[in-house]
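Each of the next two complexes has chain A plus one more chain, namely chain B in the first and chain C in the second.
The block that comes next holds the complex of A and B.
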């Protein structure tokens, strides 16, 4: 099973560490957006990616469970940006930009910066099965203990 | 390319920060994943830290202020001038006409040498900003438990079953703490947050208690009344390990949850829930911060927290304890090193003849001055009165951070001589006669003590350009004055610290450099592994027992009035840091809040006809400041919140001091908000 950037918004403290780290790793532009309510938004690398469907130049490509963006093929038509259901694609001047899962870091065997830097553990680089297993455990415990949950 | 391990220069958590260095230049940061506290994580400030290193606004040469502006001078001339002016004042007016502010940003070695210099010159007028944040913890927890520090490491919070958070917004100010609180919560812990403002930390709570500002003691005493009434106290622990419980019980006999509710404005049922959850859980921890300490009753507030923990036996085991979170990378270390007006290295009171003379003999003297010196705020008052004639300020920015800062500006302007040592030309440095530029954290090596009592070594990553480290400057200055005949390496000074402070005896440069996770003091000898959890079998008091000190609610020093109908409280935000010197000019951070804002409840905003983004003038009996309106239900009606990272906020705050800890009552001031700043809408 492949590794993905997975998010637990209930853990997000809106500290913007992921934005600052992502911007530093990507020439000043963050590919992740943190909402003040505590949700980091970034490319979900969809299996059936709407952005990829609408891209007519082949600038977006799916490979090994990732949606890869080829900047040099982008015409800046913004169709992908309109199609993305999460608003996780930005426009930098004349070209789109989106999360590349820190491909430059992974080449050196390092994790994506947002997942490593998140102080609250809201963003992780893990596989879906492990992530769901952990969440089931937490939900089950909470159910068994019967604590009233207020707020988040 | 290599990765040099350093310690993050921002808050007191002590997160490791790797700096990627290539050809002598820092080219990026890297996350250090094998550290038990962070597992690689860094908050936004840590992520932006490298911006400090090559910032264009860094001062690169000593400068003197002249009529026409700043004139750059050489290092030798600068040190000559500093030595001469300090000695002139000392000879003419005596050593107590000198005032020294040490720095919670500097290393242990720098703080140690700085206070040593002040004391060898004959004065205890050496203090630093711990006075403004956790002096009530130093005083209160020392009285109650024998040590003013955090009792347990941060990751140990994962073992807590109930976490009670009082006046701490760690989600913004110590973000890494969130990881361990959330870990506990994942394991089923009950999280309670008491704060007048619905902060990002409050969002993590199972139970949120929006108490009125300045009513901590009423809440804590109310909880203790419930615990006693319901027989939830740990009487075995009380009998075996504490003293003074009967006095506490008597003091609470006429207090009740109803009275607590009346004072705090909280629902009585919520106070009962909090009390039961805290007392009943197998392991409960208390995290507290400036919302507890920055009051005229700061010491009493801390004592009330200690009373609660002791009454329930929630100290000295994993998952329990008290967590007074420190706000600066080395505020714990600077306090340990004795950069405090009344305490010598190792918290030996200046009035303790035996301890003082032992230290004096280590320093080759017969004795040191016994009279406690003036604290941060008192030094400024003495400067206005003309009793302090010269000040030497290392890495602090009192012009922004002092309460009633208008007085501080007057004080600094009145000085015959002011020397400021800093990275940037801060608001305080602009008033100096002499400015000395210093190396930042990545340009020097040395040890820092985190809020956890974790002592860690930070390596020099790059060579400084045109600047010297604080340690080099103090060393050279002391040599010029004739206090010593050589300069010192950080390693040499740390070895002397081991001789001066018993808790640091086993902490050597070699051990620290070889360790990835540092050493927790007390560490009495070189084979000792350090002490992550304090008070396991005995407390650090002389007789080993903890003490109860009954305290009762006192109303805040200033209540709203006809002219100033609102309560103003202050605090921090995640993208900024303390006086703002390390964030307002760091673009990746400042873009989140380039200028001062004020949070106002929608109800108050509607009554005053204010709209989001409008500029308003906020005034208190002491001064005024302009800010941009943010309408938010995070604050209750009648309360406004200002982040204190911007100049001017502290023109409004109150200078009333806690009688013991001498901390100012920053957290509650009366104020009014008026439409229309000078820039219009």
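The block that comes next holds the complex of A and C.
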């Protein structure tokens, strides 16, 4: 099963460590935005991606469940920014930029920098089955300990 | 002389041609809620990047005398923060395609990218 960057917003402590780590990995420009509410927003690599539909040069491409961005094909038209429902694409001067799931790190067998850095476990790099298994475990444990609901 | 022939009615006022033009012959300026794109009359560079970059095919090359063209667009304000973020024509170009993928007109269509980030964060906070 494919690995993805999965977010548990209830664990986010708004420390901005993911933003800093992402900026370090991507030449000073972060592809993650931590909102004051305490939610990291990054590209969700949608299956039905709206950005892919408006990109007419092939700069955005879907492969193995990822939306890959090719900077050299980008014209800087900003149409993908206007199409993204989550505002997860940024404009770097004259070209777009978005999360690439740290492709350079994964080539070396490392996980994306945001998931590695997050001290609160709000961002994880795992497959959906493992992720939900872990959440089920925590839900069961908190029920057994008498907590009504976590994350409030 | 190679003139630049721009079909003003096809242009949606996106940033493609002005971003791709390396010698900066095509200029784009956003002032307040107005976007101005200025095209030169002719271009002697050995290049056709703007023609290939245009999403609507509004740019063509021709011969003979041309004149500089300036197109003006109105930027629509974000329904939340009020910041002008896109031209009406850009949204008219993007929304049908987005609606096709998402299966219906999105409710965030009037929001600028920053406010969409904000809204999706708030939505997640409510969900947990």
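What we mean here is this: the second predicted complex is superposed on the first by the 141 of 152 C-alpha atoms of A that agree within 3 Å, B and C clash if a C-alpha of one lies under 4 Å from a C-alpha of the other, contacts with A are read in each partner's own complex, and residues count from 1 in each chain.
Just so we're on the same page, a contact is a pair of C-beta atoms (placed from the backbone, for glycine too) under 8 Å apart; a residue touches a chain by one contact, two chains touch by 3 or more.
It should be emphasised that the depicted structure is a prediction, and the values quoted were computed from it without experimental measurement.
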Which superposed partner A:14 touches (first chain B, second chain C, both, neither): first
First (chain B), second (chain C), both or neither touched by A:145: first
First (chain B), second (chain C), both or neither touched by A:38: both
Which of chain B and chain C A:118 touches, first, second, both or neither: first
Touching partner for A:23 - first (chain B), second (chain C), both, neither: first
Which superposed partner A:106 touches (first chain B, second chain C, both, neither): neither
Which superposed partner A:53 touches (first chain B, second chain C, both, neither): second
Which superposed partner A:77 touches (first chain B, second chain C, both, neither): second
Touched partner set for A:85, first chain B, second chain C, both or neither: second
Residues of chain A at both interfaces, chain B in one complex, chain C in the other: 38, 151
Complex interface listing, chain B residues touching chain A: 28-31, 33, 38, 40-44, 46-48, 171-172, 175-176, 178-179, 182-183, 186-188, 190, 200-208, 574-575, 588-589, 592
Residues of chain A that touch chain B when the two form their complex: 11, 13-17, 19-21, 23-24, 38, 110-111, 113, 116-121, 138, 141-142, 145, 147-152
Sites on chain C touched by chain A in the complex: 14-17, 19-20, 53, 55, 85-86, 90-91, 93-94, 97-98, 100-102, 106, 108, 111-118, 120-122, 124-125, 128
Of all residues in chain A, those that touch chain C in their complex: 7, 9-10, 33, 35, 37-39, 41, 48-50, 52-54, 56-57, 75-79, 81-90, 94-95, 151
